[in-house]
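Next come two complexes built around subunit A: one with subunit B, the other with subunit C.
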Partner chain A sequence: MSGRLKGLAAVLFAAVVLYAMQHTTPFYSEIISQVPVSGRLGERVDARDFALVAGRVNLARALETESYGSTKTYTTSGVWILVEAVAEAKRESMALTSAEWIGPSGVRYGLSQRLSNVPGMVQTANFEPGLAMPFLMAFEVPENELSGGTLLVSRSLLMPLAEQVRMPVPDLPADRIRSTIAIGPAGGELPWTLEAK
Partner chain B sequence: MPELQAGERRRYWLSLAALVVVLPAAVLAHTWGSLTQWWANNGRDPINVERGAAQRYAGAEWRMTGLSVLPIGSTGRSVVLAEFEARIEDPAVLMESPCVVALTDAGGRRWQPRFTVHRIVREQRPEAAEKPNCGGLTPEQVQAGATVKMAETFVVPADVDGLALSLIKPNALPGNLVLR
Partner chain C sequence: MSVTPRSTLRQRLFAFLAAGIGGTLAAAMSFAMTVYEAANPNVIPNVEAGSPIDTGRWIVTIREARAGDVPPTGVKPYEPKKFVMVEFDADNRSAATAFVSPRLFTFDPPMENLREPTFYLVRDKWIASAINPDMPERLVVAWEWPEEQPLPQTVRLKVGSEIYKRRDNLYGHSSWFDRDPIAIVELPVTAAESEAEQ
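Up next, the complex of A and B:
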């Protein structure tokens, strides 16, 4: 009798374990999702494929660019976040094709494509091994998504198990929002100049 | 609990041993297609070619003719100018697939060529600046028996060493020409 009871208990135990495994199995997309690498603004963060330093975070109601002698103004109903950063590839020439801003509410904002052709923007940058390359990232977000946001940068969202640098940006008070920031041509060591107006 | 008979005991251990063989075999059989596909796309069998020597590869005989390092002022960067040539044997095979070129160093780092010729190359090596890229050959240039001179430029840190030009034609994989 005790043998039968033991057998029954073993079957029940196996059923419970199988049920638990079935209901906790992660989706394939979760298994191959990006691997977070935490860092701080202003400090070097090393991912497997690249190293990144995100520096100053500029805020503006409008951005101005100059192209072939004419000035273009990009307004927004929210706020422009313009992040100055430097990155270098580690193993092979590469691009950084994914950057996101996660607001305090958890909403994700992708890179603005409105400035993707402006020199110095991450979309136009090619990162080479051993060569530090400065670049800009521009996001367009509502004003209430500024403070407490997080910057995410990765080589590509499509690469399984790629590393994603995550940098919290805790404090961005509204008094830092400029009316206009003009992005000018190369100045000194940087491929751009920024002028607040 | 009754004692196991000798035959049952043998079958038990045989089954366990079979599991050790059968499980990996099943995994291998299941993933064989993916593995062969991955190897076809990513497999590399380096063919090292020393400076001045020629090597047949993908419908041509390839030879490195020069690898010049041109420092860019005091920026800590250099332009590497790789000059090489191909004596064409089979134009159809040569033009069948694109030319994937990279510069490698002793540490295994890989640099992709620049799309445009760097200013320093135009100033210091104007004749090389006029040479076509490996990926930019036209059918008119690719004639059987002809020798095509090509050049690629790269921007690298000034302190690199052990540089070599890696050249891949996907139709010749896993062969990977490494010109030193």
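Up next, the complex of A and C:
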């Protein structure tokens, strides 16, 4: 009788252990997710492959660019976030292909590809070791996802366990939203000029 | 430690029978379900143009269909081509920026030798990139129509759907997967006048 009881207890114990294991197994996407490196806006953040300083955050209802003599206006139903940043590679020439804006609700907004061929955008930038390279990142988000956002930058989302820079962005009040920002050609030190209209 | 007695012939016969009956039952049930599903196919509901369709990842509202020789960029291609275009609103209901699946719309009955369509953003009159969550956009999907086929008067579009799996069966990834079509929209195709920008 006690043997049976013991067997039953063993089966129950095994069931409990299996249930616990099933419900605590990390997701595959969590196992191979990138390693966060936290930083602050305006300060240098060092990841394994690159160093990054994200500076000014500009907000606008529309962006304007000029190419081959014609002006193109990019409108949005939300707000454009235009981040000015500088980065340098550490070990090899590389590109930064992944940047995301995580809103206060946790929703992820990817880098806008609509302006990807505008000079100065991160999509066109190549980073060399030891050479600081300024670049722009553009995001399109609804107005309620502005304040309390976090900026994520990494080499590529396809590189598991690579380092990803995460920086919280302080409050962005609505009165900082300009109606139009024109992205012009190189002026002074930066490969672009931003002009609010 | 007791020595396990060798099972008798009767016991073994019973075990074989139980396993056999179970297996046969499972096979028969699976077969019956397949036959039943083939005999009673799921009827895809007809939805009118202009009403929102919840496809899982997207809320899609089909607006109108047109055909012509000018793609949604407004620039006529150098070699004359024919396009069938459907204008629709897409609202990304997922938690991340995503591309519209090229399998979102398919023709019913399926069209042969038709290449995958291109999606255009009406706002930019240019090829659409990924659509942000909670920011509905007006898009145009354009199929390059084969030269030998006449342009259709009406189109019947099957709207596909997607399902979110927190842990997929293969890798344990969290992702969106294609599911069965969820609606059929039938709408007339108007002839778009050539208004190409030069």
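Points to keep in mind about this one:
To be clear about the criterion, the second predicted complex is superposed on the first by the 174 of 197 C-alpha atoms of A that agree within 3 Å, B and C clash if a C-alpha of one lies under 4 Å from a C-alpha of the other, contacts with A are read in each partner's own complex, and residues count from 1 in each chain.
Please note the rule applied: a contact is a pair of C-beta atoms (placed from the backbone, for glycine too) under 8 Å apart; a residue touches a chain by one contact, two chains touch by 3 or more.
None of the values given here were measured: they were computed from a predicted structure.
After overlaying the two complexes on the shared chain, residue contacts for A:Ser77 are found with subunit C alone; subunit B is out of touch. Contacts of A:Val107 after superposition on the shared chain: subunit C is touched, whereas subunit B is not.
In the superposition on chain A, contact is made by A:Val141 with subunit C only, not with subunit B.
Contacts of A:Gly69 after superposition: neither subunit B nor subunit C is touched. Of the two partner chains, neither subunit B nor subunit C is touched by A:Pro173.
With both complexes superposed, C is the one of subunit B and subunit C in contact with more subunit A residues. The part of subunit B that touches subunit A in the complex is made up of residues 77, 102, 108-112, 155-157, 160. Of all the residues in subunit C, the ones that touch subunit A in their complex are 95-97, 121, 123-124, 126, 129-130, 132-137, 166-167, 171-174.
Subunit A makes touch with subunit B in their complex at residues 90-93, 126, 128-131.
Listed in rising order, the residues of subunit A touching subunit C in the complex are 25, 27-29, 74-78, 106-110, 112-114, 116, 140-142, 145.
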